[in-house]
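Order of writing sets the chain letters: A, B and C. Residues in each chain are counted from 1.
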Amino acid sequence: MQEFLQHVVNGLLTGGGFALAALGLTLIFGVLNIVNFAHGAFYALGAYVALSFMGRTGLGYFLALVVSMVVVGAFASALDPLIFRRLRGKGELPTIIASMGLSLIMVDGIRLLWGAAPQYLESPYVTEVIRLGSIIINGQLALVFVVALLLVGALYLFIEKTWMGLQIRMLAQDEVAAQLMGVNIHRTAAATWAISGALTAAAGVLVLPVFALNPFVGDSAGLTSFAVVIFGGVGSVLGTVLAGFVLAIGQSLAEGYLISGITEIVAFTLMILVLILRPKGLLGKGA
Amino acid sequence: MSMLDVAHLTKHFGGVRALDDVTFSVASGEVVGLIGPNGAGKTTCFNVIAGALKPTSGTVKFAGTDVTGWSADRISRLGVARTFQNIAMFPELTVWDNVYAAAVTRMKAGYLQCVLGLPWARAEARTLESVVWDTLALVGLAEEADTVSSQLPYGYQRRLEIARALATRPRLILLDEPVAGMNASETADIMALIRKLRSEHTVLVIEHDMSLVMGVCDRVIVLDNGKKIADGEPDTVQRDERVIQAYLGGDIDAELIA
Amino acid sequence: MQTTVAQDAKTAISERARKSTRSSLLAIAVLALVIFAIPVFVGDSPYLMQVAVTTLFFAALAQSLNLVMGFAGVVSFAQAAFYGIGAYTSALIALHFGVGFWGGFVAALLMTFTLAIVLGLPTLRLGGPYLAIATIGLQVIIQSVLLRWTSLTNGPAGINNIVAPTLFGIQIRQGVSYYLMVAVWLLAIIVLLYRISRTRLGYELLATREAEGAALAIGVPVSRLRIAIFALSAALAGGTGSLYAHYIGSIDPYVFDLTLSATVLVMVLLGGRASIIGVTIGAAILTLLPEYLQAVSNYRMVLYGAGMVILTLFFPKGLAGLAILRRSIGRGTRTEPGGGVAGVDA
């Protein structure tokens, strides 16, 4: 029983990371209809930027987190005018290919700038451990959980309460109607990319201290995010969060009781089943 | 013989009743007009008859065969052809290819036989090419055969739709607003075309343009809010109280109240 | 009764069609010549022969994807998965049932065909980006299965000592003889695609790709056709996989990954959807380019990625869209058999 609880708790904590990592993707997919294959690269980039910041300035982890979000967010927002704006309305294949190319550029760019050797992002909580009875909670994962929830909350408020958030919601509903109602598509798209980049970078900075960094570390995170987004319902913030937790708990249990490495198979089979049986996912479209 | 029998056709979309207990028949060789204010359910009716939508209840019979719930391609192969209100061409293909693609679906030779280049398959393909040219000539698009269809002017696109429908050698043709957006002379051309068709086909036309309806149709069926409110000769229907009311409440067409 | 203008159009199209057929056949003949001539020049160098055979494998994969993506409009990221299934099926069947390459080859064809139908039935109904994502899912799942189902596939260690094919009692090993075998396979695929593009099937597939609703309205059995073509495309990839397995002698699951699928997909895009010659050239370029870019090999991925972005932004129609190649592209109309479908030939 205790083992079961441990698995569930682990899953719950990792779920925060899954959810945060996938949120950026659901925004891009839901609002801009772009299937972003470079998503994993932003995740990795976030961690590397934080690494450099801490290395160069000697300043702390949390400051690095903020800086990373800003830098990657800014970078992401530049991508719309450079690439994706020109592909609007041309169907999904061009954006898929363009984002794949972008992913290659980013990942190999990271390799060229930072090297391929494993590096380590230092966080004050990595070695911390909290004990609740006989359940062990990894400090860093707890941090991920907490910060993830905070960021999700912040995102929710932003989307619901601000003018830009409203524009984003309108764009997600119907591009033509949004334009007719005065929404500045270009600016809203850039803002969406910025938010997506920032959130994904944050996820990278928060989760990756637990592992070693290498340029390809974002690949599997990117793929898993797809499964999370589809499962939760494209465009739905709440759905993605929920799905992140469900999948993380599922993965934790599967790894614990079945063969390890089965995660991918399970996650993607689930994703395909969702696509076939309930394309709307858990909570459907409507951020 | 009755070419089309629609009985108690009903279609709900969530709470909206697009079609409500609609019943009518079209006899072989007739040209029947389907009119009504916007939103009356005319295109929905076509979609159900052609198999693009499944009815909530009711039946559709084509030449005696019950085709209710059949898929669109199956119904098409039985001898029903349709055009689309919003024009659905094959944009990257030329005019010629558009029509040929339709003609080819009726080949007796199967895919494999054609790929293998068997003599009778080649011969059939050659025959089809004449059919395509004849069809293009009939709708007046022969000169444009080499043009990529997405670059055609609007009026020609509508004609292409009709050509493509004809290339499948149908017995029943469903035309959805064939002259929408056309001027008087273009409309007259299409009317002449429809008159040419009647000898070998049965036609059901959705239209708002009353000159076409009055000029070409043997009979007119009127839908309003999903219900059939009139069914008879054009002159009679034109003077029907309920029809006038329906239009006064919705679109007003001056000619109708002539 | 036709007007003079119509008569002119008819003649023009007829002429264009004849030229188009001639140029297509010529292009294919030239391609065949080139392919068979290569061993003459590089036959002595095992390394170059290997590069050449690899190019053939990629070209075959690209054409198999071209069939389902260029003609039917189905974006599939699962080609590497079917390639892998073909390779494994062939290796395992040859091994366990002692039927050698030929038995394995047939088994690979059947296995991938059937599997594609089973997987395609539920997934091919999906539209747009969701279909692409679903195929990614299939690719990842299949590769994972190959990796983890150790009892069947021997997991990460892969399968070794795969028997080489024998023809009329002679073993066909790596080198010129195997090259010729693969060349025959590739040309068979090219001829198949060419014939499809010229006939009923090609037209119906294009209709499906261009406007599904209209295709249904003219009687094209869209779902059945899509699944059939998906299965055929998978079988071609599987057959290629079988040839690969018995060529290379040992296989492991790591080869058949999403990156491979994506590479094949870019080959099709580079060549131009549905353009048979274009896709072959595209495959050749993308296989050979890394070899020639050894000098900048450190920047290979970045350049590749940049290339992909530039491709989508500025060359959406690929090589086939370039003005130079348009000369021989008859717009596809014909007044005699063989004119083919728009945009098919380069």
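What to note about this one:
The rule is short, and it goes like this: a contact is a pair of C-beta atoms (placed from the backbone, for glycine too) under 8 Å apart; a residue touches a chain by one contact, two chains touch by 3 or more.
In this text the structure is predicted, and so the values were computed from the model without any measurement.
By the document's definition of touch, chain B and chain C have no common neighbour. For chain A, the chain with the farthest CA centroid is B.
Between chain B and chain C the centroid-to-centroid distance comes to 39 Å (mean Cα coordinates, whole Å).
The centroid of the Cα atoms in chain A and the matching centroid in chain B are 49 Å apart.
Separating the centre of chain A from that of chain C, both taken as means of CA atoms, is a distance of 34 Å. Those residues of chain B that touch chain C in the shared complex are 50-52, 71-74, 76-77, 81-82, 84, 88-94, 96-97, 100-102, 104-107, 109, 111, 114-117, 121-122, 125-126, 129, 133, 137, 142-146, 148, 164-165, 167-168. Contact residues of chain C toward chain B in the complex are 1-3, 5-6, 8-10, 12-13, 16, 192, 195-196, 199-201, 203-204, 206-207, 210-211, 213-222, 331-337, 341-343. By the touch rule above, chain A contacts chain C in their complex via residues 29, 33, 35, 83, 86-87, 90-98, 100-109, 111-112, 223, 226-227, 230, 259, 261-262, 264-265, 268-269, 271-272, 275-276, 279.
Listing the residues of chain C that touch chain A in their complex gives 75, 122-123, 125-126, 128-130, 132-134, 136-138, 140-141, 144-145, 147-148, 262, 265-266, 269, 298-302, 304-309, 311-313, 316.
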